[in-house]
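To keep things clear, I will list the structure first and then write my remarks on it.
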Amino acid sequence: MDNAFILLEIVFIPIVGSLLLPLFGLISSRLRNFLALLFVLCSFALSLALIPPVLSGETLTFSKQLALGFNFVLVADGLAVFMACVSSFISAIIVLYSFDYISHYENRNEYYFMMVLFLGSMMGLVLSGNLIFLYFFWEMTALTSWRLIGFFREKTHVLKANKAFLVTIFGALAMLVGFIIIYNQTGSFDLAVIKESFKTIPVANLAVLLILAGIFSKSATLPFHTWLPDAGVAPSPVTAMLHAAILVKIGTYVFARLFLATFALVTDWHTIILVITAASALIAAGAAMIEKDIKRIVAYSTISQIGFIFFGLAVGNQTAVAGGLLYIMMHGLAKAGLFLGAGVIEQNTGIRDITKLGGLIRTMPVTAAAFLGCSLSVMGIPPFGGFFSKYLLFSGAISSGRIAIALVFLVGAFMTIIYLFRLFNMVFMGEPQTSRAKEKSPMMVACVMLLAVLSLAGGIFINYPSHFVQVAVQGMVGLIN
Amino acid sequence: MDNVLLLFLIVPLAAGILALLVPGKARGPKELIILAATFLNLLIAAVFFKTGLTYSFPWVPGIGLEFSLRLYHFSAFIILAAAAFAFLIALYSIVSLAEKPYAKQFFAYFLITLGFVNGAVLADNLLLLLFFWEGQLITLFLMISVGNKAAFKTATKALIIVGITDLCLMVGIALTGHLAGTLTISKINLPLDALGGMAFVFLMIGAISKAGSMPFHSWIPDAAVDAPLPFMAFLPASLEKLIGIYLLARISLDMFQLHPASWISTMMMIIGAVTILLAVMMALVQTDYKRLLSYHAISQVGYMVLGIGTAVPIGIVGGLFHMINHAMYKSCLFLTGGAVEKQAGTTSLDKLGGLARKMPITFACFIVAAAAISGAPPFNGFFSKELVYDGALERGFIFYLAAVAGSFLTAASFLKLGHAAYLGKIREENRNVKEAPLLMLIPMVVIALGCIVFGVYNKLPLQALIQPILGPERLAGHSFAGWPAKAALVIATFVVLAAAFLNHRFGVRKNGSGLKASDHIHYAPILRGIYDRAEKRFFDPYDIGLKAVNMLSEIAWQCDRAVDWIYDTLVVRVTYACTHQIKKAHNGNYATYLVWSLVGFLLVVVFLLQSVKM
Amino acid sequence: MTSLLILIPLFSVMVLNLPSRTMMRRFAFWLSLTLAASQVCLAAFFGTGLWSSPLDIYGSFFRFNLAVDNLSRIMLLSVGIVVLTAILVGRETIKDENQHFNFTNLMLLVLAGMNGVVTTVDVFSLYVFMEITAVASFVLIALQKERDALEASFKYIVFSALASVMMLSAIALLLMTSGGTGFAGISQSLKSLPANPLTLLAMGLFVCGLFIKGGAMPFHGWLPDAYSAAPAPVSILLAGIVTKTLGIYTLIRIAGFVLGPNYALNSILLLIGALSIVAGALAALGQKDFKRMLAYSSISQVGYIVIGLGCGTPLGIFGAVFHLFNHSVFKSLLFANSAAVESQTGTRNMERLGGLAERMPRTGATSIIGFLSAAGIPPLAGFWSKTIIVVALWQAGFRAYSSVAVMAGAITLAYFLSMQHRVFFGKIKEELKSVKEANFNLLLPALFLAAITVGVGILFPFVHDTFITSFFR
Amino acid sequence: MPIDIIILILLTLAALWTVMSNSLLFAAIGLALTSAILTIVMFRLNSPLAAVFELSVCAGLISVVFISVTTMTQPQSRQEVAQHTRDRLGRFKFLPLIIILVALALVILNLKPGAPLPTPETGEDVRNVLWNQRPLDLIGQVLVLLTGVFAVVIFFKEKSKDE
Amino acid sequence: MNSQALQLFWSFGPFVILLAVIGIYCILVTYNLIRALIGIEILIKAVTLLIIVAGYVTGHTALAQALVITLIVIEVVVIAVAVGVVLGLHQHNDSLDIRKLRNSKG
């Protein structure tokens, strides 16, 4: 099969498929569920198919010239395929988890529609080689996440969803202006052209600032982060998908795509970004220590960990960027596991306040084990995958001479350990405070366990993702040596 | 041939996983697995003891992570020691944990820990070392948390402390790798300049925290109470000391050029001295068998750190010798504690007494080990301590004084412990106590004999095992085996031991019982207040740290709320204020609207007209 | 053939009012529907060539000054779509048979008037057709003779009269300076003459008149009242197309092609546009009445069109036209939704609504599509037009305006989200439990318009290539 | 020319009176008067046909419409009228002032009146223009009248049905 | 357009402006619906005059007359519709007071 055609399929199978899902939902909900999974798996499988050519250094491109410079360009390089694989894979697990989780709520058609559409948009985003289409898919992810966050349609839920939508859109609009500035500088929205153009001229600072606003709002970084904990009202698979595994990674991806793979920033920008993200990591970690709602804690943890990813990307040398990308993957797996685990707890006990939980390890041992595994991965403890990514970050930062900022992040890492253990202890240890809550759905628990096992496997078989990431990093122009 | 090194990993890890899989209720399979695995491990360690092997394959080339293992004299020594302890403690724990529901899990974690320890010791790549090093965190956590109901809190404490220090180790490794340009331990040789010193400090934090030195010690006394006893003998008493000090020795001796003149050396000595004194002060006033021992486990680390920190050969040899000695007598002591707990059902000293007659072999082992830890000749502790004294004296009288004071208090506290637990009147409820079962006695006796052998025939460990570590250059032909060279120091030691005995007599007479033999120190005017606060964990670095973190968190939380306020309140209010004004302007009167239009029109016209004149 | 656009509705009205009126009544709805639908089809699927082909039958008799270019064609399409929607909605919401018949007739007249507006090439004829449309709108607003509707109608009359007077003055001045009223003549003479105060005055008058008609801030006073008080189909008509044709299309035509491009004029357009965008959006945020909120939203969206026009570059004008079309579609859609909500619940007060998505899922879903398009969220049509406008503005160097236009998107989204969560989400109120989904006549246009919005959004490149590219030629 | 100026001044005064007069009836009559004077101006300006239209339709028809509306709406009570008159005076008294000011401003700004009227050009015939050049306007007139018919039907006929 | 025509125009122009001012003032200030319509009428008169003048000074009197005739027809219809609306309002409000037209606001 023509490789460029695969690119189209990766994006459009889920998008077109999602449109059909409500129709299938009218026929049979099982069929719809199955198809939803199938579409996502299709994307995943096709993304996997791209790995061999990408590893051999090839860059696949699909390009269609359209009017006004809005060319539809899909580019599959290492970075894009890496993100595509990670996000589609996690999505598949989450969709699988949703089968049971969502089965007793209304609007399931809309749910699957939005889920799969989200994945399709995500694929479009990562593969897009044109700023306008990048923005296009970016907003589509915002749109779908808005509906997914407000899935329960209660007033408060919808208000939170609106907040998330507004904040991210505000950032996205700022970013759009940034894109337009770049367009004005280079005369094109095409990333390849932009890359060439910026070899000779520096990129406008205003554009960088505006794009950063977009990135930070999407990736929930200070000062645009508060929508993320609030969005915890969503169903757990949604929070896992959007806020842990995929949506918030969009910002980091675009950061890497633009600021590293397309053009270079001046060092001052790196310093500024590092300071912001360090503050973000610390403040979110502190908030996670104080919060009592299980999902909010995990959400704050996400904010904090996103700070780490930016830390790697902004340090900007090869090691650190590789670490940042690995972090995206490892954190995605582990944090999805945490959110899904929180979902199991929430669904089986009906409680989200950790002060009212306790002793669940006795009734929900598998969940507890998986939750612990995922926590350990997030903390960065070997043999879990999170260890390597964290090490690479620090190693990269130190070899760039950013020791002070590394120490700040070290404090953040300390706090990660503390708040995650606080969470684990309060939920699973101690005296049981609730009636005996069992793990009702084997499928859901299996999904959580699978993520934990994958986090472990990600550590033990680290060389595969690591190699992939190295390849992805090699093509970047914005690296600091 | 070289890949036999993998057996050190595969055997315990595979056995551990297997142990997790076998049914836990039945007696037999799990015991068999742990015994077989530890024995096999010991066997391999013994067989390959003298061979220098290296094994290496690239694991993750991109990040400098090489799976390289190196078996040479030092690591072989540690591996052998660890294997021996593991085997003996496994033997012991088969009995001591026989009825516990968590035995299976404990065995599995035990074996996995052993595998990780082997890996950490063998690793010749810093990152690989870190991998195995931090991997122990999980089993540490799990092993503690299978204990009693409150054990998970201690487990968490342990995990947080060790986890944090391991992160420091990680940063240290990153820094070292950056400075040296390689992560292969045997190729690293760095000067202790500013960055090098920083790297050293980070690595050292990881190492001494594993060993249980202050200020990273505070989980150990808690674990002594909560965790299963074999755990204490296995990890804090022996294996963690072994690998902690092993790493400390490697960074001090191989990876960095540690000189007596450098500030790092002084710092290490201060840490050592402080650890010795503070921990032993705490040990003195404990009233729980295991808890008292656990404070000693901390205190003795001080000697090792002090010894290595002196950076003079005699001190280093002393420190390393003390490491292996301590692992022996302390695990022996913990095992006697375990035997007492198993037989008498408690380790609280006020409920014990007079057990010497009921458990004579245990008592004998206790005597040997206690004498060894107090530094009484001819047991092994005496010789290692003398070496450390000598080294410390070379660097400064104050350090020597601290070490000797520590010795005094150690002796005092063990006199108290022995007196309270084994002598005196037997209590009514302990009438039926019997000697511990054979399988528990064997390890104790073996280790106690080891203490005697290593003391009397100290040439064997020193010349065969320890002095090669320093290498011929450092030793410059000296040998530290045999009777201590400086008679003055020996005399001083005797004086101190005698003083400790007199002090004990005084305390017993003054306060009436062996248990209260240290009360005159405990309730001395100034010390009393300090002790009270210490008992309330006023000085627990962990609690202080947590408080600091909580304060930081509170600040962060306020920042977060402030940011949230901007979105939830400020933006909304400002927007609605604008909206309100606009709505108010639309008063429904069309004349108003007409005026707007006309004004707009006039402005448009004026603007257009002036645009031409310009 | 273009003249048929005007004559056929005219004759239809006449036929419908022939003596056998009772028989014609049933026929009226279908006739009007057919006319509108065929206009949609013709405009959508045939190029401008179709319209310029002469008809021999009466060609010798009448000589009409009409022309259809691509701009007109897009407008014809929009007119057709919105009128079609309004007719369908009208069937459902105007129950009285007499009223409905009058409504249908007036719709045909409006259709004729708007077709005239978009095809004529003469400023005075433009005025005449505008006036036809406006007068029919006055009547339509007051069709049911409710108090508020009459009030709104009166306000509209006053403003419209003022606007007419302004435009007529401008026409008179242009007549004086250029000696004619044809677009081409005026444009030519303006280009050849140096700028003089009289032509500038004419420009100002004309543009301000159009601002009033189009409802740009601060000339918008009549608009919220008229939109909110009119019967549902009339709101659709007014918001969707009437004010857009009378005010905005004409503004594009006059300011973009006849009088301009003129730098000073463009500056005014930019300023007015920015003001409308922001103030309109802010005002919409505080509304309780569903339709009134949509009315203010219209003002805000008009601002986008005006600002795009003010940019003065072909891209900007293209964006403005495209947004005009999109706005017609999505605003009609939203008004159709509001009509559905009003007809099913009997109220437009958003405070008293809530949870309707449960009961009226299709209305809820289409309204989401509508407002997202309005807020410029991909993959909907509004995204492209707004993006084009913004890009054009930035390219032309109006960075501040560009930023305002972009950032106002957030406010737009805010008020629509607020609408959405007050009307469609949340718990359903006790008194609304019995509400059902609107029936077919109300749903069909909503679905149809939503489909257009999504289709144009997703197939934008295609739409652009087949439809709009020729605009530049 | 002076005669034209005088007529125009009269026109203004008539309009002023129309607006200032207290009674609606007088206002309607004033409007008719204004139209009539405008007719004269138009006639003077070579536009006889339009003048005739103006006279018949505006001065005639519209005035009739206004007068009839005035009578159809009930008159207020005498007190109210008196109050109303005072109110009006308060609000309208600025108008003449403004008019004078504007007039002065215009006189100062501009261009003195008094240029001789040019000889009337032989322009095209109005009928020709209307029928041959601007048939669209005629269609427009038809349309607008039709609309007017519907308006009348809606506003007047159905009302009478209600009553 | 020559300067003579311009000058000629300006001899009429001020009166157009004066009429417009009167009309607008009337619309703005009055409290009576009918009087507002009269204001509109006066405005239209001003425009009529303007068109005629414009036609006159440029010699396009025929065109101007054609425009004015159409204008007058439209004017009549507009006024008729307006009067209809006013009567409707009178029915509802029982008064012609403009101040009662403030129902929709905000």
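The chains carry the letters A, B, C, D and E, assigned in the order they are written, with residues numbered from 1 in each.
Here is the rule we go by: a residue touches a chain if its C-beta (ideal position, glycine included) is under 8 Å from a C-beta of that chain, and two chains touch if they have at least 3 such contacts.
Everything numeric in this text was worked out from a predicted model, so none of it was measured.
Enquirer: Touching both chain A and chain E: give me those chains, sorted by label.
Expert: B, C
Enquirer: State the smallest step count from chain A to chain D, taking one step as a move to a touching chain.
Expert: 2
Enquirer: Any chance you could name the chains that touch chain A and chain C both?
Expert: Where chain A and chain C share a partner, that partner set is B.
Enquirer: Please identify which chain has its centre, taken as the mean of its CA atoms, farthest from the centre of chain B.
Expert: The chain farthest from chain B, judged by C-alpha centres, is D.
Enquirer: Two chains share more C-beta contact pairs than any other pair here; which two are they?
Expert: D-E
Enquirer: Which chain wins if you rank chains by how close their C-alpha centre is to the centre of all protein C-alpha atoms?
Expert: Answer by centroid distance: A.
Enquirer: Averaged over CA atoms, how far is the centre of chain A from the centre of chain B? Could you give it in whole Å?
Expert: It comes to 37 Å between the two C-alpha centres.
Enquirer: Report, in whole Å, the distance between the mean C-alpha point of chain B and the mean C-alpha point of chain C.
Expert: About 77 Å, centre to centre.
Enquirer: What whole-number Å value describes the gap between the mean CA coordinates of chain D and chain E?
Expert: About 7 Å separates the centre of chain D from that of chain E.
Enquirer: CA centre of chain C versus CA centre of chain D: separation in Å?
Expert: 32
Enquirer: Specify, in ascending order, the residues of chain D that touch 2 or more different other chains.
Expert: 133-134, 137, 140-141, 144, 147-148, 151, 154-155, 159
Enquirer: Could you check chain E for residues that touch two or more other chains and list them?
Expert: Touching at least two other chains: 6, 23-24, 27, 29, 53, 55, 60, 63-64, 67, 70, 74, 77, 81, 84-86, 88, 91, 101, 103-104, 106.
Enquirer: Tell me, which residues of chain C touch at least two other chains?
Expert: If we look for residues of chain C contacting two or more partner chains, we find 124, 128, 131, 135, 138-139, 142, 145, 154-155, 158, 162, 224-225, 286, 414.
Enquirer: Which pairs of chains touch one another in this structure?
Expert: After working through each pair, the chains in contact turn out to be A-B, A-C, B-C, B-E, C-D, C-E, D-E.
Enquirer: Considering only the defined contacts, which chain C positions touch chain E in the complex?
Expert: By the definition above, chain C touches chain E via 124, 128, 131, 135, 138-139, 142, 145, 147-148, 150-155, 157-158, 161-162, 164-165, 168-169, 171-173, 175-177, 179-181, 198, 224-225, 228-229, 286-287, 292.
Enquirer: If we count contacts the way the header does, which residues on chain B are in touch with chain E in the complex?
Expert: Contact set of chain B toward chain E: 583-584, 586-591, 594-595, 598.
Enquirer: Can you name the residues of chain E that touch chain D in the complex?
Expert: Within the complex, chain E contacts chain D at residues 4, 6-8, 10-15, 17-19, 21-23, 25-26, 29-32, 34-35, 37-39, 41-42, 45, 48-49, 52-53, 55-56, 59-70, 72-77, 79-81, 83-88, 90-91, 94, 96.
Enquirer: Mind pulling up the chain D residues that touch chain E in the complex?
Expert: 1, 4-5, 8-9, 11-12, 15-16, 18-19, 24, 27-28, 31, 34-35, 38, 41-42, 45-47, 49-50, 53-54, 57-58, 61-62, 65-66, 69-70, 72-74, 84, 87-88, 91-92, 95, 98-99, 102-103, 106-107, 110-115, 117-118, 120-121, 123-126, 128-130, 133-134, 137-138, 140-141, 144-145, 147-148, 151-152, 154-156, 159
Enquirer: Sort out for me which residues of chain A touch chain B in the complex.
Expert: 163, 167, 222-223, 225-227, 282-287, 289-290, 300, 319, 322, 376, 379-383, 387-388, 390-392, 394-395, 397-399, 403, 406-407, 410, 413-415, 417-418, 421, 424-425, 429-430, 462-463, 466-467, 469-470
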